[in-house]
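Okay, so chain A shows up in both of these, paired with chain B first and chain C after.
Entry: the complex of A and B
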């Protein structure tokens, strides 16, 4: 069925695509992602012939240009794919959980926890290699999430508003402590400068592989709670009436989004806008169906991230612009445009 | 107004007396420190011409003046902090001298002025960004004569000024003579290599983004370029230094066009910690210069005073000696 279903939603009417159109959209997104994966391997700050790219992937040799493909472009493409998918999905989870269109993983304190832990690792423990301090980022994100869950719990269970407030408060405290540490340790400040910008450059596969199992678990968890989150969008009472266990759903959703956002931040540093913007685009395409929003977010996240990364590689040749800077530049106007589409991406 | 002969005579006597006093102040070498107490002379730096004691006894060094002042034999009573990595590169006796000075803060903009005044210095030597000096200038000047250089000062002029202000010209003279000798020796020994070889100098710092390196055209390599005459790439006139641009590792492949690559190593000859990721890449190992033994590790402990520069020249000399004949 290609006809659009109609949903009465307040004073306006929102057109919601039917399942077939959603599926077609998903295939189109998948094709776009595949094209970007190819472009990400083909395009870089040095000009390498397509035949060399082909040989690097399928007829490997010790040719110096082939190393550029296998050692740098391929790993950053994998990193872009994983980080983009994780940020997109974690944003969708966060917005569904809090029923807040401006929610993104950062407001649960995930980025602040990760940044603080990295500052401690770099500034106090002398850790310098990203492969080492990324685990501090991951641990920092997890610890802060547990604190947010604990502080955001009331007698009735987890309150989205209380969790967001707890996340913002902890984030502010950790942000201040991080800045104090950095000010007293200029070397730590220098070492963290690039990580804070958010980049997937220089992340070898050895850094990305260990995080992927966490992403896999989180994706399974996310799709498992998609149905209950749909019901919760109608209100807690109605969700309970439909048999949804609110506390379990919220805890599982928070675990999933923390694994996703914490893992992505550990690999790439804090990258803004992807987690905020992608779910809006997904909702604009598929309407308020969490399972579809999640599926689209998993594809649209890496599309945005890889496109931004490719742009960042060529726009300031011979240097590069970190992908976190590009997503901020691309994301802000797109988000404003989306926000002006009245109710199109409302929750 | 008219002047009587008597008045003219008094005026001439006063001028002669003043001139004699000024000459005595500027030219006196005095045998004992006590002879010079209270005597001053003029030193010109980026904050103008400053009257400073001829033989300062209580010198405070701020910012980049600390290690060069100690390198020339000075013993500051107060210092701003120096990074652990920089301290690790200086000789043990200089480290002891540094540690004997009272720490006044992490950097110039965080200096404890009350503590500084409490040291009762008779001279303050400072080098840090000019934008940070403006708000401090009056306060520092009210504590003691302050001689300031901005970060753009050429290192030899800086060393001259520092030695003149700190009364360390004897130590500087010896260092300068040694420097000239080493430059001449390298030019004579490796004249052919210097004339026929294209070099490129790479670097990477603790603050560099992961997966990036730089073609560095500042630091010790400027001495190899300007004093020895080696052919290294450098930024066009008026452009930012090449070293300010971070290049992704995939651009290492483009270094194949150079005959010889120089890169930073520590005192033991190992690649510096920030640079180590570069030499571990497959691209680095595949470079013709690396495969043919034409990648030279060179130790550069600093380029702001003669002591570390002499160490750099020794390291460069030793590295060039290992260079295989050109095929």
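Entry: the complex of A and C
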């Protein structure tokens, strides 16, 4: 795999940092993530002293402030960590799979499937609790992604372009049906407009735990296909020549990214931009090496998400801005600034 | 006439100083699409809570009817049908221009933020200012245009390069989209639903005034688009190749972008953003006409037919009348999916 970390020379030289600097960067990211985890528990609409936070976590009592920490800030931090990591990694997988730097899981119909399923659950079946319609979201995301995979397949295997187009088609059809359902059903519209914003507030730990095993499986799968995906970056023929089994790699990668993006959407609703932006930043730091990109994405995803969530609590204090709104506002300027640099990144 | 064999049959019309080269298959396809659209238009004019026969419609159109039938056909139903055809053609051409310009089958004016920007403008008018319909149109246009200009300027760095334009457009669109979601979240339920209904794109309440005004803008813009189709094809070969053939790359590209955005802007002003036609019509047109690249005429005819069909379905087939934009999304998406599916089959 080191062969792929070679420096490209010539006019568009890409300087790829050596293994040591990549490792140092990873440690820095890890420390930043830890700091954000602490901040996420500390900062909120009411000021709570650090000592109370400490007590809430390690010496629980019935104090009202401790209750706020344990029942609101801690679950929200855990959700942010899980959702951020899942979105970051699924975006990296998606971009590696389609060799398209603009790909994000939403394109495969994950969000469309999830929100259609939630609209049906809320509008037609009268489901009201997030803990219940979460599973509709997850199932919707999985079913739609499998449909996209089937539609984007030929006997030779899956073509990434066909998959993306199929995802857009199905996404559009479901999106139209969803909007029609919402506009004729005010109650569903009302419930959906807050779900659509994407938030990790009010997701108790009982909602997050059942999704975590799916994430664990997906992360293992992702790192298992990182090597073959590296080879596929050179083109299908060269990858086959190196012994990569294209169809198997693609199917495994799609399974992993669906579990990740579907699970994240189930917990938080559609959150834009994390899956698109995080892999770009990772690639700018480590160069075109999938395993490193994946590792960085797992860390940078929750960094972006938690930082955005904390910002969302502070900017409009005492009211809050949903994290999905903040990620776009934080992410877009960074993306634009990076795109304006001399070397906008290809893949 | 000794001609080079380009492998495709072409028709060449010459009139003194002007010569038009047409590919035979494109002409046939466009004619067939036009016939289908005309048939559908008659059907749309017949259908409604007061059913008319085809004969009544035709005689009303040719001035043979007076009174109620004339009013129903010419005053009530015709503007809507004409609007669907003209707006659909405009959207199709706008999409074709963008897909050719960015060499990306997924490009449309929404990509550089136009749709989201106009929706933001409309939302601000509906939710914050609580303005009239005219203000809504103004807000939408202002929002869309300002966004497109902002995206263009942000992507400008000694010229605009396709990839950078796309990335900046995605960034700005995503920001505005989340702003829109937040505005809707903060609004009263009724206002929010009204805004969402506008955002879905509808031809309800389109009158002759709007059709004439919008239609004449669109006619001029379509003419401009037709005239710039040559540099457009040359730009598809790459900036350097186009420059070597005498195309002034930056002005040509800016001009095409302006025409593309203006077409979508005109439609959006009259009806709200009608989704997906600009994305699908050029692709369907290209496949039907079997041209190598994106061509404008098939895209225009497919767009017109698609928009009219969608509006017919939205009004008469759906259980409750829906905004046309929802049907275009479903119809267009489904058809593109079907095309992909059959193409995948053929490749086996």
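Convention: the second predicted complex is superposed on the first by the 334 of 347 C-alpha atoms of A that agree within 3 Å, B and C clash if a C-alpha of one lies under 4 Å from a C-alpha of the other, contacts with A are read in each partner's own complex, and residues count from 1 in each chain.
Methods note: contacts are C-beta pairs under 8 Å (C-beta built on N, C-alpha and C of every residue); 3 or more make two chains touch, one makes a residue touch a chain.
Since this is a predicted model, take the numbers as computed values, not measurements.
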Touch check for A:194: first (chain B), second (chain C), both, or neither? both
Of chain B and chain C, which one contacts the greater number of residues in chain A? C
If you stack the two complexes on chain A, which partner ends up touching A:184: first (chain B), second (chain C), both, or neither? both
Go through the superposed model and pick first if A:298 touches only chain B, second if only chain C, both, or neither. neither
Which of chain B and chain C A:165 touches, first, second, both or neither: second
Can A:62 be said to touch chain B (first), chain C (second), both, or neither? first
Of the partners chain B and chain C, which touch A:329 in the superposed model: first, second, both, neither? second
Using the superposition described at the top, list the residues of chain A that contact chain B and also contact chain C. 184, 186, 190, 193-194, 197, 322
Complex interface listing, chain B residues touching chain A: 83-85, 106-107, 205-212, 245-251, 253-254, 256, 273, 281-283, 286-287
Can you name the residues of chain C that touch chain A in the complex? 105-106, 154-155, 157, 161, 163-164, 166-168, 170-172, 174-175, 177-179, 181-182, 184-185, 189, 192-193, 196-197, 200, 275-276, 279, 318, 320, 322-323, 325-330, 332-334, 336-337, 340-341, 344, 347-348
In the complex, the residues of chain A that touch chain C are 102, 151-156, 162, 164-166, 168-173, 175-177, 179-180, 182-184, 186, 189-190, 193-194, 196-197, 272-273, 276, 321-322, 324-329, 331-333, 335-336, 339-340, 344, 346
Which of the residues in chain A end up touching chain B in this complex? 44-46, 62-65, 67-68, 71-73, 128, 130, 184, 186-187, 190-191, 193-194, 197, 199, 201-203, 313, 318-320, 322
